[in-house]
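Submitted below is the structure of interest, expressed as structure tokens.
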Amino acid sequence: MQSVESKILYNDRLAEGYFRLGLSWKTPEVKAGHFVMLRLSDGMDPLLRRPFGVFRVIGAKGKSTRGTGIELLYRVVGRGTTILSAKRPGESLGILGPLGNGFPAPQKGRKVVMVTGGMGIVPLYLLAQRLPEGTLLFGARSKKETFLLDEFRELGIKIKTATEDGSAGVKGFVTALLEKELSTDTVVYACGPVGMLKAVSRLCLDAGVQCFVSLERSMACGIGVCLGCAVRTINHEARENRNYKMVCSDGPVFDGKDVDWELL
Amino acid sequence: MGTPLKKKLPKKPLEVAIAGLKFKNPVMTASGTFGYGAEFAPYTGLEKLGAIVVKGLSLYPRQGNPGPRIVETPCGMLNAIGLQNVGVDEFIEKKLPLLKDVKTHVIANIFGETIDDYMEVARRLDRVKGVSALEINISCPNVKKGGIVFGTDPQEAFRVVSAIRKSTSLPLITKLSPNVTDIKVMVKAAEDAGTDAISLINTLTGMVIDVERRRPVLATATGGLSGPAIRPVAVRMVWQAAQAAKVPLIGMGGIMNARDALEFIIAGAAAVQVGTASFIDPDAAAKVASGIEEYVQRHGVSVRELTGSLKLA
Amino acid sequence: MGTPLKKKLPKKPLEVAIAGLKFKNPVMTASGTFGYGAEFAPYTGLEKLGAIVVKGLSLYPRQGNPGPRIVETPCGMLNAIGLQNVGVDEFIEKKLPLLKDVKTHVIANIFGETIDDYMEVARRLDRVKGVSALEINISCPNVKKGGIVFGTDPQEAFRVVSAIRKSTSLPLITKLSPNVTDIKVMVKAAEDAGTDAISLINTLTGMVIDVERRRPVLATATGGLSGPAIRPVAVRMVWQAAQAAKVPLIGMGGIMNARDALEFIIAGAAAVQVGTASFIDPDAAAKVASGIEEYVQRHGVSVRELTGSLKLA
Amino acid sequence: MQSVESKILYNDRLAEGYFRLGLSWKTPEVKAGHFVMLRLSDGMDPLLRRPFGVFRVIGAKGKSTRGTGIELLYRVVGRGTTILSAKRPGESLGILGPLGNGFPAPQKGRKVVMVTGGMGIVPLYLLAQRLPEGTLLFGARSKKETFLLDEFRELGIKIKTATEDGSAGVKGFVTALLEKELSTDTVVYACGPVGMLKAVSRLCLDAGVQCFVSLERSMACGIGVCLGCAVRTINHEARENRNYKMVCSDGPVFDGKDVDWELL
């Protein structure tokens, strides 16, 4: 974990409102599911850093020749990301990380199924890179909202898509795809909209399948000290069995069965 | 600008004395923004700090509020953490030992829902090695008194501080709420009750509404406003408090850098605390300390001389 | 998000009624930030406004404070104008006629240093054609009472509003100061004195220090904090006031756009005022009005229905 | 007067910390001494617009071929100007103006002497452009701090310099130069540091020479409504003879003898 200034290597528009950000960073080891907090403005407004998952590590072993560091992928949704989208190569950003627990590696022999939608795909790429094989289930409203699938394919990942309007893959929700994938030797990794995570979690719980979800919460510090990013979790062994965990430091990855979905 | 004083800079120009304690510099961390201290070791030099003030401690562990607990506001943030903490006993057993080799003061921030709560927390911290002083957070509702906030009623403030005064031999810092008409009345109440120092300000009460959903963003509806947005109010209150106070003041509210900290010192604070800034830069408090050192050298004036040195027209 | 209500949008969904007056929309300008109104004609459509609230008027012309009178702060500004104004008579003779063809309400903001001052200003404005209502700024020190501020003492607030109530037949809006422990007490005092509506918040008292010179930046040391920095505090106070108030509320404090204004309305305000934003964009208030219109259409809900529609968990 | 969005035509570094900013603007007529208020950030911090004098009008009759509008000249001194210096051609800025009273044109036959230092030179250029002839007295600490002199020379303006260290022109203050220029048919226009303006004003008052000074004050609105930019002035005829004028709307140009220099 470190807090340093990092140079922007590239900040390329992927599609309307979607960007790929390369940051020069002599980073400590990054695990799949780790995230970083970026300082997006020098001014006091917006005040807080913003959290972004690590998409992949670049340089050294990576394919990019533009520098060594990490690549993030972001969508412009508000003021901070708008400011970020206007930054150019050579400018610098404060970076704090790598943060969080990351995805636990799958146990030997387990069949890995990744479930995602939207920007939830970001942390799964690093996971996929380090897997011998696996399946990615992508849920979206329509074909337009599916992306990065080729990148996963190149890694040898099987891709299945579900769209609400049927414009790509099967018509319907991603949980319909998931149902067919579940068996006792499956482990599920999910990241995406909270509704999706909840449905995925329930499905896995019912099927007795282990399921890890990566959650998002507004964050101030990213390092477990402001206690701002709390989610309620259930400790199945304890008597006083509900308590708050911090998404930034206890998570962002949780065992789906431990999350108190009622409060999310 | 700022004609340097010609006279010699005293030795240890950053050192300040508060409540019988010597601090190597006037920069402390603010409670609730620095965890229990050790969390920041990877990012900053803890020994560069004048003191570490830890997250508010209660008698028993507290779960805190449901989320969302924070929301960003213009140049600030609201928080409604609900005083989640590990409880005083676990603090003493597990958290405090992590700081035992760090050469700086540790100040325990405490709170309760009744006066008895406060007294018992103070009692358990008394004579605990490694705790230099107590900071009393009186911005809590007194559940026994139907929720009236200790920190906005001078009589309640007097009662709780007097009670704690009797439960401990540790130096006491009373932390005032800014949500009052006249801060001087609260200063007086805390002093009458025997406080050794006063810190201010705690957060201003605020609210943000999600207009699309027509709901408060925070699960608790209101929360505490901190960050640079509140600095002008905080500086004003420290200045007003300084007109009335006999005990030393510790100023805070929106300090992001040394310049900001110096506003508080010049207004009358003997020391300062850095809060929200530590979220944005975990090394912020240490940087404030070195920035003050630079100023002190450049102006040839010690922090002690700077305290309350504001010249009015 | 925000499931649109299925029922029909009432006619004139932006219209609101306050103190017996109908306003075409809930957006007014805040006193002291819009001059006497006509100054803004080159930059905005004055008729797009629900009302124009003019600069605070006193019995005699006032010179105001020496400079510097303003200083920028994080997401805000401090001002210490010292209530410079042309005086009530010149306002009636020279400024008001400039607005005579503008189809919107003009509200005169008034203040004094004694209760007699206030009464006399109110009397002179009574029955003046083109003045729809008076807004009473009680954030002024009562010079007769040794400088105690009318707006922070409920008894003084009651006395001044009661006295004005007797001096005029115009609708009265009492404008509250946020520098108090409990805003509900002030709401009650103003209502007991017969106010027809309440507006809030006036500025928070703040201070900025030039650390190089060790002087306050403002010539008067302290000033009033306005702008987005104070919005969370303002929304909270309007929401608290709404729990206690029987008369309509007019909310303000840091409104920069329609979303901000809607926070106040949802918290309980029947109308809003746009202040500091007019300095940054002289068309800001009109833009707030059109943004509220867009919201009202999109959600299928009138401003009257939105007022106080906050859902708590 | 208008409040519009304006495109940046160019934003060129003149020297370390000094920039020339071209703004596309179908502007109403601009007088020498007019200024504009620029909105420098989309965020709320810094909150207020910043005032800048108009250096010259470009396009149509001007020399620039890069567009029609105005050219400003600014020095980076704080947060707003730092943000401004990072803006690029094509980006847009909110512009409010033209504002202020401007310099009154010299009466026929008057000998025009301009006195300046630092960025005070900005509004004098437009004045000089419209003069048949005139003299510019430039005061600075050293040669490094003199600039734009060639531009004035090209207009046929006589230049005299005074530097405190003697590295250019005469050694000493600009007032020493001014003393020699004063005669009953002189009119003085001054813009620069407040100390200089005060000294120039006093000198002119003593010599019975008319003198116009352009003042600076922190501003919020720029249009006379916030009453924030007050300076105390002396009304030599009235009995209640001291009152506040607004730099933005009554000024920024004042008759030097009317300014209450004590309070500045």
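Letters A, B, C and D mark the chains as written, and numbering starts fresh at 1 in each.
Throughout what follows, contacts are C-beta pairs under 8 Å (C-beta built on N, C-alpha and C of every residue); 3 or more make two chains touch, one makes a residue touch a chain.
Keep in mind that this is a model prediction, so the values were computed, not measured.
Engineer: Can you name the chains that touch chain C as well as chain D?
Structural biologist: A, B
Engineer: According to the touch definition, list the chains common to the neighbour sets of chain A and chain B.
Structural biologist: C, D
Engineer: Select the chain at the greatest separation from chain B, using centres from the mean of Cα atoms.
Structural biologist: D
Engineer: Need the CA-centroid distance for the pair chain A / chain C, whole Å please.
Structural biologist: 46
Engineer: What whole-number Å value describes the gap between the mean CA coordinates of chain A and chain D?
Structural biologist: Centre-to-centre distance between chain A and chain D: 54 Å.
Engineer: Quick one: chain B and chain C, Cα centre-to-centre, how many Å?
Structural biologist: 34
Engineer: Could you list the positions in chain C whose residues touch two or more of the other chains?
Structural biologist: Expected reply: 74-76, 227-228.
Engineer: Where in chain D do residues touch two or more of the other chains?
Structural biologist: In chain D, 44-46 touch at least two other chains.
Engineer: Touch graph across the chains, line, ring, star, complete or other?
Structural biologist: Contact map by chain: complete.
Engineer: For the complex, which residues does chain C have touching chain A?
Structural biologist: 74-75
Engineer: Sort out for me which residues of chain C touch chain D in the complex.
Structural biologist: Per the stated touch rule, the residues are 32-35, 39-40, 42-43, 55, 63-72, 74-77, 79, 81, 84, 227-228, 256, 276, 278-283.
Engineer: Residues of chain D touching chain A in their complex?
Structural biologist: Its residues touching chain A are 41, 43-46, 79, 83.
Engineer: How about chain B: which of its residues touch chain C in the complex?
Structural biologist: Against chain C, the touching part of chain B is residues 1-2, 73-76, 78, 152, 179-182, 204-209, 211-216, 219, 221-222, 225, 227-233, 235-236, 239, 254, 259, 262-263, 266-267, 295, 306, 309-313.
Engineer: Quick one: in the complex, what on chain A touches chain B?
Structural biologist: Going through chain A, the ones touching chain B are 1-3, 39, 44-49, 94, 96, 217-232, 242-244, 263.
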